[in-house]
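Chain IDs A, B, C, D, E and F follow the sequence of writing; residue 1 opens each chain.
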Amino acid sequence: MDLVTFGEAMIRLSPRNFERLEQTTMLDVRIGGAELNVAVNAGRLGLETAWVSRLPNNPLGRMMRNKAREHGVDTSYIIWTDEDRIGLYFLELGASPRASSVMYDRANSAISKIQPGEVEWDGILEGVKAFHTTGITPALSDSAAEVTAEALEAARKAGCQITYDLNFRSRLWSREKARQVQTPFMEYVDILFTTEADTFRVFGIQRDKLAERFGFNIVVITLRDVISVWRNKWSAFAYSDGDFYEARTYDVEVVDRVGGGDSCTAGFLYRYLTTGDIASAIEYGVAFSALKHSLPGDFNWCTSEEVEAQLAGAGLRISR
Amino acid sequence: MDLVTFGEAMIRLSPRNFERLEQTTMLDVRIGGAELNVAVNAGRLGLETAWVSRLPNNPLGRMMRNKAREHGVDTSYIIWTDEDRIGLYFLELGASPRASSVMYDRANSAISKIQPGEVEWDGILEGVKAFHTTGITPALSDSAAEVTAEALEAARKAGCQITYDLNFRSRLWSREKARQVQTPFMEYVDILFTTEADTFRVFGIQRDKLAERFGFNIVVITLRDVISVWRNKWSAFAYSDGDFYEARTYDVEVVDRVGGGDSCTAGFLYRYLTTGDIASAIEYGVAFSALKHSLPGDFNWCTSEEVEAQLAGAGLRISR
Amino acid sequence: MDLVTFGEAMIRLSPRNFERLEQTTMLDVRIGGAELNVAVNAGRLGLETAWVSRLPNNPLGRMMRNKAREHGVDTSYIIWTDEDRIGLYFLELGASPRASSVMYDRANSAISKIQPGEVEWDGILEGVKAFHTTGITPALSDSAAEVTAEALEAARKAGCQITYDLNFRSRLWSREKARQVQTPFMEYVDILFTTEADTFRVFGIQRDKLAERFGFNIVVITLRDVISVWRNKWSAFAYSDGDFYEARTYDVEVVDRVGGGDSCTAGFLYRYLTTGDIASAIEYGVAFSALKHSLPGDFNWCTSEEVEAQLAGAGLRISR
Amino acid sequence: MDLVTFGEAMIRLSPRNFERLEQTTMLDVRIGGAELNVAVNAGRLGLETAWVSRLPNNPLGRMMRNKAREHGVDTSYIIWTDEDRIGLYFLELGASPRASSVMYDRANSAISKIQPGEVEWDGILEGVKAFHTTGITPALSDSAAEVTAEALEAARKAGCQITYDLNFRSRLWSREKARQVQTPFMEYVDILFTTEADTFRVFGIQRDKLAERFGFNIVVITLRDVISVWRNKWSAFAYSDGDFYEARTYDVEVVDRVGGGDSCTAGFLYRYLTTGDIASAIEYGVAFSALKHSLPGDFNWCTSEEVEAQLAGAGLRISR
Amino acid sequence: MDLVTFGEAMIRLSPRNFERLEQTTMLDVRIGGAELNVAVNAGRLGLETAWVSRLPNNPLGRMMRNKAREHGVDTSYIIWTDEDRIGLYFLELGASPRASSVMYDRANSAISKIQPGEVEWDGILEGVKAFHTTGITPALSDSAAEVTAEALEAARKAGCQITYDLNFRSRLWSREKARQVQTPFMEYVDILFTTEADTFRVFGIQRDKLAERFGFNIVVITLRDVISVWRNKWSAFAYSDGDFYEARTYDVEVVDRVGGGDSCTAGFLYRYLTTGDIASAIEYGVAFSALKHSLPGDFNWCTSEEVEAQLAGAGLRISR
Amino acid sequence: MDLVTFGEAMIRLSPRNFERLEQTTMLDVRIGGAELNVAVNAGRLGLETAWVSRLPNNPLGRMMRNKAREHGVDTSYIIWTDEDRIGLYFLELGASPRASSVMYDRANSAISKIQPGEVEWDGILEGVKAFHTTGITPALSDSAAEVTAEALEAARKAGCQITYDLNFRSRLWSREKARQVQTPFMEYVDILFTTEADTFRVFGIQRDKLAERFGFNIVVITLRDVISVWRNKWSAFAYSDGDFYEARTYDVEVVDRVGGGDSCTAGFLYRYLTTGDIASAIEYGVAFSALKHSLPGDFNWCTSEEVEAQLAGAGLRISR
């Protein structure tokens, strides 16, 4: 197993044609969640991945498991319950000056009720190259934060590379609590993925102080320049051990930006875990995630061949 | 105001084309809930109606309010909250031998958190002809049961006719608790709507013992003969003061049976409150609710003219 | 040219999934009209057909022309106008006990404004085997009735077989006016298509008195037994010169019955004009029109091979 | 009542995915009309509004009433008729260089047949703060122009602020007739909403001569800079009593620009009627109407909170 | 591994709403193929299954692999090619008297080009309980027939139970060739699934002579009584070693009958392989496959719990 | 007859909403093919056109014929076969940086199996003004190349203007084979349509050497500047006899660019064949094809009136 991720995924319900939720009569059903997105996308690129979560044993829980499996993610570690619900999120796609927006209905989800000791981390993480989670998981509940701590400890013990995305969600917890809970986690982390804004909100520091403060091996920062809702510039850079790696900037026409950062993480990890080359990994992650913006859904249905074509300078003309 | 109802309504999400929830990629969005259905349907027929509930102040809460208003229901008594969620239900339409099925996701809904004293029942019910609620409302939570008791007391004080549908929901409470909570409510009730099965499940008695036991003025029992999932026979009868009123039986082709009983209640109340004639009311209620089965959604988009046409023997040939 | 038809066709707008018009958010767009249906269907079976009408020169008028052309109907005789509108009809599909229903919005359509002298009937009908119109055309307006009279006169002069479907529409004219206007037309008619109900409504006589009264060569009567909205029995018979020809009765599952009669007319005419055999023509017309009920839209997308398979006893098992 | 509007609303039928009307097989059904749009939008923001019109008593007329009611508009003054039709309009959404376009099918609509004396203006307008109509209403028919004159007279008598949008429609009347009919109306008007182009087309003068010529209290001019069909710059300014109020200009990505001006009117009136502050009202109106361009339909489903967020500098990043 | 199946699966394209293929503007995309259906369905019930096939390395090939994986089927034995195409089939859903029909476009599919030696049967089948294929696989091409022979030989060697569905497809080969090719295969087969009609078409014998002639351990015969296209009676029976096992007959309302037989096979195998009880297995297979008819697609999205509920007498009333 | 074209058209299947093919559950069905596109579009503008091809006698073949006929194209020369399949192509619409892409499934199509002698070119081309084909036709198969040669010979004999679009498709043949096969064809060609890129790929020369090298009367070169996937600049120029004709450049918002070049060809031919004026024809072709980009499908549903409006400076404001 190359990569194990841990966290919540939700049923994603979104109106078509830029409708507001209040006006819609139909919702597209997809799924998504930061850690599942990384597992799926890295799996599509070629890593062997697994996703750990807790799901209700009902049609929506099964749909979640099915769709993870559809992309080859190992779902055998999922904990099933007959009690709780699955989280939902409602996504409205915007147009300038109206930003896209997400409304969550995730309280009391099965994963938020997870308890320490429920996951057999040692067995799961044995021989695994990397473990990934994000700042959303400990924000779900105190017990989810405890299980996150268990996971990090087990991952260190198992010798996994530990990768973490800050992913601050102000609807789930305060900046203060996010800092308090996650500061101890940071000492486990080898590779941190984040944005400038989240760095500041959670730790109150500039992004370039991160490695210095926490001793990360690698820090990856994604950069989004929002020209308009439909048009962004997108890039990322990494720094490690005093070196700085900057990727090409892409002009992206935004069909759906949700999951953009997760695609960058997945692309970076795929290339980094298979080559160990940070410069190549950051270019790969950015190209892969730039492509993500062009299609609907949290997942990135592009292929490794398509990423390579971007890196080789694929143009915008119709391919046939 | 002719009729005030009190209860929960939910966002209703259903796949098209007989898809299972687990396989679907799209959900139709409608709304429904027993007491709202009665308010909407009676309002469409011509009564002045209001619906009392508690809703979150978000797009889905507003959608609910809007769609009640769309049918002329007075929504000014709704209590708004910034805290809670709206309930959801997922509906799968079946085909023999697979019955249609409903999966609820209604825990912790705004209405279930309603507190005694929150609704100004006296002001709302003053001068109102009838008050209606169902056995779903007190099943939502203990506090909702307390508010139901408040409402019944206020309705009696205001001189409303009190009408009640047993509507037993085994996912919400046990038969025992349903009996224990509702037995005291029954003494307030003038008109009871129910089925043979619910009577037995809640009170452990036969339907013809209801009036005797609880002293209802009128009991209305709906009758469904499920030939197949797509083909039912549908009727109802009433008894009052020793008299028995039996309506015509309709062969219905079932597009969507959800809300069938609520349509019968609404039709009965409309005709009974405007004419006082039970025989005519039961025929009207059955005709109106037979029509309901022919269209999607909890609400009954048929008109009073269409009900009259049924009563006058409208045939099945295309009308043009 | 084998067959020229004359009349109105409308844009047909219908909700999906048995929705009522009042509740819908989406309409399927198709087209239809009795005389166009006959031209299209007979054309699909193999006759060379043309349709004469009057259309506005706008996207909806062009859509109408295009879709007639799609089935090979000669549309070169259509009269175009920059002034008027195209007629619309809204179709609601029902389920027992709610019949399907049609709401017309056809007043002031381009064809209703047609004027005597506007169509070059002599040129159009020269060498044509059969001319067909229905009782809808003269009902549209007085001038349309005058043009119908012109057409009948020209058709007789050109030696066409004249075929006519009574198609009584009570929203367009009264029984009295229908009788008064059409009685003189009947002396031109060689083959009459009708139902028992229309015969009585228009002429106040039984169907078996038709030939006797008006001297038709052939009378074709369609028979629909409406078991339920979704299930009909469908057949027809013909009589001619004292002989009686009865077709097989089909159990039809009704997807869309609009245009059923027109399919029977088209199938009968196709077979009769190519073989002269009434017995075979009535079987062919009924088989073809039974198939029509199984698909959406006024037109009959079935093929001659599929009709032959029905006549040869095709079963109901999946064909692969 | 804060605001009463008077005019026509139509069923709006539009193809999806930039299809041309001629090629489409499906139409989205919405509703719209300048004066209803203002009533709905101002109602959504918080004003108490009513809409006066004349509708046919059929499913489409009821749909119109329902959807006005859905947004809390008082529809009790609508005049119902069993005779006439409802107007329709077909909307094609464009892409450069093809502009979006509207095809009307509104002739002989119920509202165009309205007669003087049919509306009880005095009762309706008593105690109302503002009355709004547009140049479309008198263009519908001579009798509609007469009823408009009645309304203006009654509104002055009732002490309403009278607001008017020139909204010139060349398909309905000539520039000459528009000038001739509306010039006398202008003396009633307190607040005029218009564009530079309409001012010139109707009155043959520059926009800055309007107040001088007609003595309006306030003139509001919307400004649209059409960079491309999908990208506009949008703003407005007001002048009153020699002062000039200029709003921020928004870059808008255009999902649907129909109803943009009506949203500006509604936003302006909401803020102006509640605060009396022109500077704030023009900023509010422009922000609200800029948001309108981002969603499908004539109505503006954005909320007052979202307008405030724009005024406070909401960015374009996803909100979650 | 419990079960390995081998064969072709195709992209399945079907119009909605009973449209004919010739008239449609939209196709639902699903996948299906007899052997994949069995692997998916048995996997859903709880067996560990794998599917062996040959697919093109393009989006449609990947979709096929994904959707097999979605249901937990092991897809690691699929052979990928850059050369060939994937087969398609077009499905029209019918209504009496028009049967549903399938049009194949499967010539030159990747699987039809499979070559002997390409599959490592020995490794794949080691330790596997059962191997399943059908008469479609050898019909695809001579080389596919050779690979089928290889597989049967390897399966016997590996000690698998060998199960086979005759599935005669007249568009793929003649009765004579089907007999000639498959007769030698029959000696490998432990459990034969078929229908009376296929038995006769392929072997020219009655179904009750099958075991006698070929020495099968178990023969399972499905029984379909086609009351109408939308209403079938469905059952099956098994015989083994002189004993006869007859299952309950279900009245099914047919949403989609494609894959019905494969569901019966999967249900039978699941229960038989886990219990060895033929009587229980035939009841289970019939209940599971009766449920299949109620939902769209070749796959059976029902659960083991739902099958058990059927066996325990689940009714047709809505479940909530 | 003004124009006869010869070539393949395919069923075009495309996901909605920028979905990838691998993720879609629904495909829009349209048709297209370079030579049919030219016939349809020129026919819509007013030329009398016919399309020669070879089609399978099945629902998809009939759909193709129907949709050509829908636009008035003469389809009577199509050769029908009971044997072969129709070609398909799958279109994914992109967003920067992901280009749109086409995946063909056209091998073994009916037209690729066409044989010399199968088309009666002399009869078809007699009296025809122009014959058009493209470099796709001879690329389909050797026999298709032979039939192309027959057609060119017959067209010269019949005195047609011969027009040709290079349309190089690298998936169908190599540059070398394209050059070798087409070089002899070029001596027949009067008007060549191409791009700079295709000129170089096929003949290895610059576009301005084309006339010199092959002696064409007119060369038309389309120019696409791909600012982004959604935004192109589009123009074309012609040169003839030493003169150079340059059209206006359009900013186009790209809904669907497939068929853009074919629209330019059709517009140019329409204007050139009716006026003989190259300068006007190139402006017309570019305006018509700029409009094409704004709507879905290979065909250009814009009208001659709309082209004239563009040429006269139609703006981007909504037309109503």
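Just so we're on the same page, contacts are C-beta pairs under 8 Å (C-beta built on N, C-alpha and C of every residue); 3 or more make two chains touch, one makes a residue touch a chain.
Everything numeric here is computed off the predicted structure, so don't read it as measured data.
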**Request:** Please name the chain that ends up farthest from chain D once chain centres are defined by their CA atoms averaged.
**Result:** E
**Request:** Mind checking chain B against chain C and telling me if their interface is mostly the same residue numbers on each side, over half, or mostly different?
**Result:** different
**Item:** Option in A-D, A-B or C-D whose residue-number contact pairs overlap C-E by over half
**Value:** A-D
**Item:** Distance from the mean Cα position of chain F to that of chain B, given in whole angstrom
**Value:** 61
**Request:** Measure off the straight-line distance from the CA centroid of chain B to the CA centroid of chain D, and report it in whole Å.
**Result:** 39
**Message:** Give the residues of chain C touching no fewer than two other chains, as numbers and ranges.
**Reply:** 20, 22-23, 25, 66
**Complete:** Listed in rising order, chain A residues that touch chain E in their complex are 66-67, 69-72
**Request:** Note which residues of chain E are touching chain C in the complex, please.
**Result:** 17-20, 22-23, 94-102, 104, 169, 171, 224, 226, 228-230, 257-258
**Item:** For the chain D and chain A complex, residues of the former touching the latter
**Value:** 16, 250-255, 287, 290-291, 293-297, 299, 301-302, 306, 310, 314-320
**Request:** Could you pull out which chain F residues touch chain E in their complex?
**Result:** 13, 20-30, 58-60, 62-63, 66, 85, 88, 90, 103, 105, 107-108
